[in-house]
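Two complexes follow with chain A in common, the first pairing it with chain B and the second with chain C.
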Partner chain A sequence: MGNQRAYLWCIGPALILMFLILLLPIFIAAGMSFTNYSLGNTSADFVGLENYEQIFTRSTYAKMFGATFRYVFLVVPMTVGLGLGAALLINSLTRFGEVYKTIYFLPVMSALIAMAIVWEFAFHPTIGIINATLERGCGTFLEGWTWYAKGCARTFPLWLTDRDYAIWTVSFIGIWQGFGFNMVLYLAGLTGIPRDLYHAAEMDGTQSAWDRFCLVTWPMLGPTTVFVVTISFIRSFQVFDTVEAFYPQGGGPSKSVYVMMFAIYEKAIQQNLMGIGAAITMVFLGFVMILTLIQRWLVERRTHYA
Partner chain B sequence: MSSISLRTITKSFGDAMVLDGVDLDIKDGKFVTLVGPSGCGKSTLLRILAGLEATDAGTVTIGKRDVTQTRPSLRNLAMVFQSYALYPHLSVAQNMLTPLLMRDLTKTQRLPVIGPLISRAKRKALTAQVDAVAQTLKITELLTRKPGQLSGGQRQRVALGRAMVRNPVAFLMDEPLSNLDAALRVHMRSELTELHRRLKTTFVYVTHDQAEALTMSDRMAVMMGGKILQFGRPDDIYRDPNSLAVARFVGSPAINTLSSEIDEQGTLTVLGESMGRFSGLSQQSVVVGIRPEHLTLSKTGRFGGMVKHRENLGSDVFLHLVVDGHADVVVVRATPAHAPALAAQVRFTMSSDHLLIFGADGQRLRAEHTTSKVAV
Partner chain C sequence: MLNGFSTRETVKHAVLILGAIIVLLPFYVMLTYSFKSPHEIMTNTGGIFGAQELFRDDYCIKRGNPVDACMVTPFIYNYVTAFSKAPLLRYLMNGLIVTGSIFVIQVVVALPCAYALAKLRFWGREAVFGLVLFCLLIPVHAIALPLYIMLAKLGLTNSYAALVIPWTISVFGIFLMRQFFMTVPDDLIDAARMDGMSEYSIIWNVMLPTAIPALMAFAIFSVVAHWNDYFWPRIVITGNRDLFTPPLGLREFKGDADGDNFGPMMASAVVIVMPLIVAFMLAQRRFIEGITLSGMK
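Take a look at the complex of A and B:
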């Protein structure tokens, strides 16, 4: 009799911890998102869907979604593509592979807050290395490019403070920081491809590197790619530290860099509007959930690999 | 025609010399086996023939063409890998179709999505070719499955099918049966020989199992330490090995090797008994090899021993005998019905016609047996 309950002792601790650490906070946040609770208040009013209504109607939040999606849909393809490219190149090296690996991985390991200061200098309109370099190109054939000519005639963009450029500049830093991580995942995936498959492909008549890539490398990296893309999406949705470092107030020029994580931080922590902060969190959670479901579906579809 | 010849192939990995001037001529349509102990360089030789490994020196010729510098995909050879190396993401049919697509379609016709649209007719013809091969290999009902859903034997067939769909100059196989269980291995042996008879294409088959080499091949090459020690018909190599190493490697159970002496008259003494005179041999210590089937139990035999171990194979019983005063164990073949029990004293005869004499350096000493003072 007692033995039939033994399984409870095995799964019980994990179940309780999972409930306390993962599920309970989500339930609390979900509950809070229907109130106008502020930290320190003893009570709060139930406001129904008002918070959500705000998120989907107010222009601030439209900007928030705009900034978030711009960032995500630039950073994810670029980090995945560059990560794969770097991994393939490093994998084809016979020497110095370790050196390149370390160089490309350094940005991943460094604290983004610290690196943000460096980038702030680099992008500085007058003393920054980037615009200084661009000015050197003035008077050369590069002026044939109208954008460049305009930059020479007036000034080159104020990368971080121009609302047309800010989100792309922040995305660029996200890419710089993130692709090394994907590269490492892809390198691990590449070592898992049996060499025999390449030999078989060669015997089967593939001659170009492109054929080899299509026939062996890319399909064999399928599971890695699903993982890398999901991770990149979630990491990009979570972008916060660059925005906080560059624009501690307000989310950039005309809120053009007002990404979701920053919005949550601003509302819930800076302005102590827990209700609306919780509501944005729930929307954010929804996105992550959808991504995870897509990933699960893709992984299950490929169970017959290997 | 498309005979293959390898000339003075040399290959080392770092300091380790793996192939040391190997010469091999393979006539068109023959089933040739490369056999030898593990690590002797068989796979390396096969991969050099395929072009997957570069030679340090020597040439590979297929037909009349020197292909030493030609890349594998242009040598028109097909290979079956020990791991089968099937593309796990493709179905069996697509796996078998791949070599055809790679060779018969242009680059644009192979592009994803639009490729299949613009080359529909051609693809249909190629698929028909795959179906035909699948039928001969009896894998038609597997065509839609992925390699992960197949058994070892089925994968082996698919790998074979992928090699067969086009008409290669030769099939190269690197221990294709070593992942199968014993019964299936024996079955596949006969299927492969059957296939070879039907296709009449050259097979180059690598194995470490001398039984496979003996049963399947037209010609076998025994390799050891990066050299081909002997190349010839399996029968000849079994009956008439050139060296002690070959004699020991080929045949199961192994040949009996007995340290013996030749005196100044050329008389050979084995296990203390004279085996008659051999012309042309000087006084020396030799090793005599004799196969277990050439020793016969007989009540009146000249040699005696005690049964130390019985190896019962069902059809035969091999008796391991200890002969008084000699260190060498003698293995004798007996019929199960007449096999003596363990620890029994038995007598046996040795036919001097089948004696193989090897010098101290392991090379065969070919000598005329002059006086037939054959032991009874």
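Take a look at the complex of A and C:
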């Protein structure tokens, strides 16, 4: 059977790199999170749980969790919902489905940092296309909407610098960027549903499209949904590009967009507080682990009846 | 359902078209601003392509040139400035070098490992595969901080190595290739062994060619992710413009943008985003396959 030791050469490099690049850093971060280490210092003091205590007591970090969860819980349901909606609509079209699919997928592969800069222009209070378009609607029936009338009377919102709007605007961009990805996964899931099931449902007396959806489509998309939701969570937890592009310092108006990845960057890289940065990293990894465990559990539970 | 022009079908198209307008809005803004003069951008005039009226380039005049020589067409001005004010070509080259080397190293590391996991019998194989599955859970961006410290200790920050090293191991690539190799019949490998081929040449001369479709999808997955990546380069490249990748270059451009530079900045955004979009248009199916590869888990 050839060279018996060949496998060592095959898996060796991969194993070493896996250990050095993926596993060792977790141990380093774990160790560092109990110290007040900064780069350039020769030594660091052991501070016990102080970093974690700060994360869970200080108001800055309360804002960090607030912003992260607000972002994640806006973006995940919206990208999943819109992704599913778009997939169902496109799938039911007799023609031009491909065109929409292409268009909706464009944001997924465009550099988010570039598109963030473009959005910043679009949302610009004076020269931006969005407020300019809104102003054009003034004096029409739209003024019946109090929010709109207020915008016309004074000015339309400073989308990115008003703390009441900032997190919504940043989330909107996250949704804009991410739903096409979920749409494609759902489209793949839809092609996997056997036609016979719909015929069978019809025989059983299912009439409306909604019934068909509840009875066949949605249950059959279960595994896809579990995957789509998990990957959407993990992706949106990692949001950074838009936040850094709009607010290079400080995380937005009143820290309302101070998401975790930006907090790690600010504390550790900008301020050289490695200990606290490492502690946030560990909390972050904890979230990712919990999400993945929930996913595994759901997948395993599902196999019993799917 | 049979009638292509039913009201129901029309409503669906209306909804999808509305969505398409919102999705395309920033692309429209990006393109149209890259054609316009500063005045047109400031006043929101000029339609889609701008009037393309000549305007005075103030930098040019400051350099002591006569006014006549400093009248420029907005479209040409924007794109020329994008390439001359910042070393945009250099950034694009860096992007190519970094994404290219990442992909090549990922394949060189992952392919043999995937082959061993799929086709060789050895003690501990299940454990190694279990480790691969575990590592799939670790988002590399999340452990950026300890990785940065390790690289800093080795004196490697601000180098191509720093941009490439964390991505050299793709557990996802290993997993994907292993799943693919499982479907390759053992007879093929046995025949190759009979012919006296070494394991090394089996990997590169027998297995690699069979894996081309999977590798293509993986290439797209890898290149798109690293061409667009902003977080990691932002951390390890500080100040040294020669090493900037396209996203970093664009960010720098934004940092010192004033009124006159909006057009050129949008032009650079177009230059950075377009290569992938054009490639996507040419090979749509493969792209969608590649980017949603992670859906195969």
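Quick note on the criterion: the second predicted complex is superposed on the first by the 282 of 306 C-alpha atoms of A that agree within 3 Å, B and C clash if a C-alpha of one lies under 4 Å from a C-alpha of the other, contacts with A are read in each partner's own complex, and residues count from 1 in each chain.
Methods note: contacts are C-beta pairs under 8 Å (C-beta built on N, C-alpha and C of every residue); 3 or more make two chains touch, one makes a residue touch a chain.
Worth saying up front: this structure is predicted, and the values here are computed from it rather than measured.
Colleague: With the two structures overlaid on chain A, would chain B and chain C clash, or do they fit side by side?
Modeller: Here the two partners, once superposed via chain A, fit next to each other without clashing.
Colleague: Examine A:Asp196 and indicate which partner it touches, taking first as chain B and second as chain C; both and neither are also allowed.
Modeller: first
Colleague: When the two structures are overlaid on chain A, which partner does A:Thr281 contact: first (chain B), second (chain C), both, or neither?
Modeller: The second partner, chain C, only.
Colleague: Looking at the overlay, does A:Ile290 come into contact with chain B only (first), chain C only (second), both, or neither?
Modeller: neither
Colleague: Please work out whether A:Leu49 is in contact with chain B alone, chain C alone, both, or neither, and reply first, second, both or neither.
Modeller: neither
Colleague: In the overlay, answer first, second, both or neither for which of chain B and chain C A:Thr206 touches.
Modeller: first
Colleague: Who contacts more of chain A, chain B or chain C?
Modeller: In the superposed model, C touches more residues of chain A.
Colleague: After the superposition on A, what does A:Ala149 contact: first (chain B), second (chain C), both or neither?
Modeller: Neither partner.
Colleague: May I ask you to decide whether A:Ala122 touches chain B, chain C, both, or neither, giving the answer as first, second, both or neither?
Modeller: A:Ala122 sits against chain C, while chain B stays out of touch.
Colleague: Can you report the vertex angle at chain A, computed from the C-alpha centres of the three chains with chain B and chain C as the arms, to the nearest 10 degrees?
Modeller: Between the chain B and chain C centres, as viewed from chain A, the angle is 90 degrees.
Colleague: Looking at the superposed set of three chains, what is the minimum CA distance between chain B and chain C in Å?
Modeller: Nearest C-alpha pair, chain B versus chain C: 10 Å apart.
Colleague: Would you pull the chain C residues touching chain A in the complex into a rising list?
Modeller: 1, 4, 9, 12-13, 15-16, 19-20, 22-27, 29-30, 33, 41-44, 109-110, 112-113, 115-117, 120, 122, 125, 128, 131-132, 135, 137-150, 152, 165-166, 168-169, 171, 174, 193, 198-200, 203, 224, 227-228, 230-231, 234-235, 246-247, 250-251, 254-255, 262, 265-266, 269, 272-273, 276-277, 280-281, 284, 287-288, 291-292, 294-295, 297
Colleague: In their shared complex, at which residues does chain A touch chain C?
Modeller: Touch residues, chain A against chain C: 1-3, 6-7, 9-11, 13-15, 17-18, 21-26, 28-29, 32, 39, 82, 86, 89-90, 92-96, 100-115, 117-119, 121-122, 127, 129, 132, 176, 180-181, 184-185, 188, 227, 231, 234, 238, 240-241, 244-245, 248, 261, 264-265, 268-269, 274, 277-278, 281, 284-285, 288-289, 292.
Colleague: Any idea which chain B residues touch chain A in the complex?
Modeller: Answer in residue numbers: 50-52, 71-74, 77-79, 81, 83, 85-90, 98-99, 102-103, 107, 110, 112, 146, 148-149, 162.
Colleague: Which residues of chain A touch chain B in the complex?
Modeller: 194, 196-197, 199-208, 211, 214-216, 219-220, 222, 302, 304-306
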